[in-house]
Amino acid sequence: MNSPITSDQAYGWRIEDLDVDEMILNMGPQHPSTHGVLRIELKTDGEVVRAARPHIGYLHRCFEKHAESVDYPGVIPYTDRMDYVASMGNSLGYALAVEKLMAIEVSPYVQTIRVIMAELQRIASHSIAVGTYGMDIGAFTPFLHLLRDREKILDLFEWTCGARLLYNYNWVGGLSHDVPEGFVKACRQFLREFDAITYPELMDLLIGNKIFIKRTAEIGVCSPELAISYDLTGPNLRGSGVPRDLRKDEPYCGYGQYAFDVVVGKGAYGPLGSCFDRNWVRAVEMHESAKILHQAVDRLEKMERTDVREKVPKRVKPNKGEVYGRSEAPRGQLGYYIVADGTAVNPYRVKVKSPCFTAMSIFHVLARGMYIADIIALIGSLDVVLGEIDR
Amino acid sequence: MDFIYGLLPADLPTWVRVLGAGIACAVIGVTAMALGPLLYVYAETKVAGFMQDRIGPKRVGPHGLLQTVADAVKLLFKEAIYPAGADKKLFILAPCLVVVGAFLSFVVLPFGSRMQAVDLNIGLFYVVAVSSLSTVGLIMAGWASNNKYALFGAMRSAAQIVSYEIPAMMSLLTIVMIVGSLSLQEVVWAQQGGLQSWFLFRFFPIMPVVAIVFFTAGLAECNRAPFDIPEAESELVAGFHTEYSGFFFAMFFMAEYTEMLVISAVTSVLFLGGWWAPHPALQQIGSVGLGPFWLIAKAWFLMFVMMWLRWTLPRLRVDQLMYVAWKVLLPIGLTLVVLVGGLVLWFPDGFAWDGWVGWPLTLALFGFLFVVMQRAIRWSRKRAVEMAA
Amino acid sequence: MESAGIHDRLKARFGEGVTAFEAGALQPFAVVTSDAIGELAAFCKADPDLALDNLMCLSAVDYPKAEPPRIEVVYHLWSYRHLHGFVLKVFLPREDPRVPTVEGVWGVANWHEREAYDLLGVVFEGHSDLRRILLPDDWTGHPLRKDWVDPEFYNGMHVKPTAQMAERAMAGEQLGVGPFDVTPPNRHVPTDQ
């Protein structure tokens, strides 16, 4: 039953493709800085990378095939497992898409909680992104400072829904649990600590560090046109100087009622759209998220508690139709293309446009001519999570 | 040695007492050197823990003191794996060479006026020579591993160590010119008389620069952050020791920390008065000399600085590293050599203000930097609180 | 610009190339022939009024029960300049789905098309690097097609437990065929039976 490998290209470059000085370096899938199981083939000339070719699929878990064989709410746990660093954002995007398909309007109370959860998750996710980026560059300490704050967020999540990583929290038409008593107070406590200690410490220790700037500010430069052509979204796009954020452009969950700024890369230390800009946008976005959270928590406090499962349908069975729902997940625009055939309780087709997938597709363009050390910096600045690329 | 000599019964023949004391000293010294890394690694984990707002090891032994012992035992019992296609002889020889290179420097380190294995008249030259011996070991390790990452690490380390040797040499030359001797003991004796005559505080403000150049180059020579590109765990997995496991890996580890101690000790000998106390009154308690204590204290302080830097700074890139060596440190070093050479000619007794300006100003400068740092932190926190409010 | 306006503009430019427009759908879409899509995509991006410079998503969907059976390739477009979107669809025959690539227009299409090829077997003509992307290089078949049946073996390894295998496992037999002769770890064999 062994099927022979027929494709010549399967193994990438062959020895005949190489110059005398060149060699092939296989980075990954077990490499400490490929953020999961990414494998990159590098054609290197000494320390300089002549060409790069990413190979993905090591973490493919057949999400889209799974989604076709479970019912609509049953997909949500699978969405959590795509971008396991920011599960709240994934399930929120899916819930929003199905709600759009079924024309369900959730209550403002639920919307506010969703915003709080999404923004907390954004801070947690960016903490990991910026922290591990520092670690890629060689600064270990900021990572642990940020993880310390991420733990506090996970504690809040655990308190609310019992899970620390994969929440199954945003349901179609509502939420799995209401927030517990005292959540607002705990949330404020976290924000106070984050604003007063972690964020300024991060800015001083990592983002403002001269070596860090020198390492990142002139590499991986991505022009706005290139970024749009390769569908970079979220912080990656804004790092290239395009002020587009779905929370502003197409407000969902009542994002229109919150005052916050869209953070755009400035190219302060080098060309616009460099690795530094992408990472800087991420870091400052944490602060913007905190701003949103302050407002959302104030709103939540004044609201009357309502049943968060009020609008959850007994049986999710949309009419025949299709929808492309997208939301601003921490890593960028997360799109769900859902096709319902109107007869079955399971989706006919779910296609996920994951922001990491498109971010990774630009990699080979940006990687050309870099140093090996910069390759690591580039992967980190694109902030990919392999669970979402491979799905 | 005198102490042990005194302990031995007086009725023994003198040569027996000398021999016995010598052997006892050698055994104690070698053991202390070999076991030292256990302590330094423990210190590193604790310092890292302190900086990263966590506790560090605390389970094994009181305050986790035995953690590194446990780690060492674990590494001892692990299988040594030889990768397929490795050059086995070189693969085994490499860590030995690195360790030998690191430990050989101890031969000339003066821990006290008489606590020195050999007072070579070319001591400084010897230190430089044996510390670059480890380069050969690193290249061997990289080549013999049959691994591209290891090869990258080896090549990087060769380039790095060879480059940084030159600025280090330049700053050594200034000391040699002042002292007029290569012997480390002579260098220490030249700094007699308390804090103000340490070389760090001579010819203010020139010698502090020399010290910084030397320490930076030394940092690069022992592959410590921010110059740890040969290991660069986020880029090259583990660099030259990617393929090493078990005790061979432990040897690399041991060599790294020993080299840290050597660089710190040499820096303190050259610039911080070696085994001299900051004030002559602190040189001894009763009849017990505190020379070794002062040297080790200074060396450990410098090691702490190394750890501090490691857990604070990101890593440089290869080209930036070379830039720092050839375009920043080397010009500074060359200028300093000329400058100090001239100064030694014109002011054989040093500047007029050396006795009373150099050290307070240097310390004041450090104090000022410290205050500025604290201010900056406080200011940024305040700003953050204001922004949040 | 509204979807209808975009459709009118495309219809005026390409005529027969745009075969249908579904205005009543949740997100209105136009159906385009596979011959026209290459040029039409370039037009969508280049035209200053449309300026659909971003390909948000490219998906392929299998409709074996439609008449005639078809595979749809769906392009979700978005304009960062005008903040409007549009959906294009191409209907392809199920037996031999071939469509020109739009990789040259939107760079991101490269990987999306590879994924559609990998999972549904749509061949994008003119694609620079049409290889499998998510599945192993030696995989056969396209699993997101609706008539997909899980293979029993992959490279000599059991990948699909059958009822027969389950029975044998319950009887306590060591399962596994081929070079890796081990019981799959997820198949726990109770010892007391």
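Letters A, B and C name the chains as they come in the text, with residue numbers starting at 1 for each one.
We take it that a contact is a pair of C-beta atoms (placed from the backbone, for glycine too) under 8 Å apart; a residue touches a chain by one contact, two chains touch by 3 or more.
Computed from a prediction, not measured in an experiment: that's the story for all the values here.
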Q | Chain whose Cα centroid lies at the greatest distance from that of chain B | A | C
Q: State which chain is most central when centres are taken as means of Cα atoms.
A: A
**Q.** Euclidean distance of C-alpha centroids - chain A vs chain C, Å
**A.** 23
Q: Provide the C-alpha centroid distance between chain B and chain C, rounded to the nearest whole angstrom.
A: 60
Q | Whole-Å gap separating chain A and chain B, where each centre is the average of the chain's CA atoms | A | 43
(Q) If I count partner chains per residue in chain B, which residues reach a count of at least 2? (A) none
Q: Mind pulling the residue numbers of chain A that touch at least two other chains?
A: none
Q | In the complex, chain A residues that touch chain B | A | 23, 25, 31-33, 47, 134-141, 144-145, 148, 191-192, 195-197, 199-201, 203-206, 209, 211-212, 214-215, 287, 290, 294, 371-376
**Q.** Of all residues in chain B, those that touch chain A in their complex
**A.** 48, 51-54, 148-149, 152, 225-226, 228-229, 232-237, 311-320, 376-377, 380-381, 383-385, 387-388
Q | Touching residues (chain side chain A, partner chain C) in the complex | A | 1-7, 9-10, 56-57, 60, 62, 64-65, 68, 100-101, 226, 228-231, 242, 244, 249, 321-324, 326, 333, 335, 337, 339, 348-349, 351, 353, 357-358, 360-362, 365, 390-391
Q: Sort out for me which residues of chain C touch chain A in the complex.
A: 25-27, 53-57, 59, 61-62, 74, 76, 80, 83, 87, 106-108, 110-111, 115, 119, 129, 131-138, 140, 143-144, 153, 155-156, 178
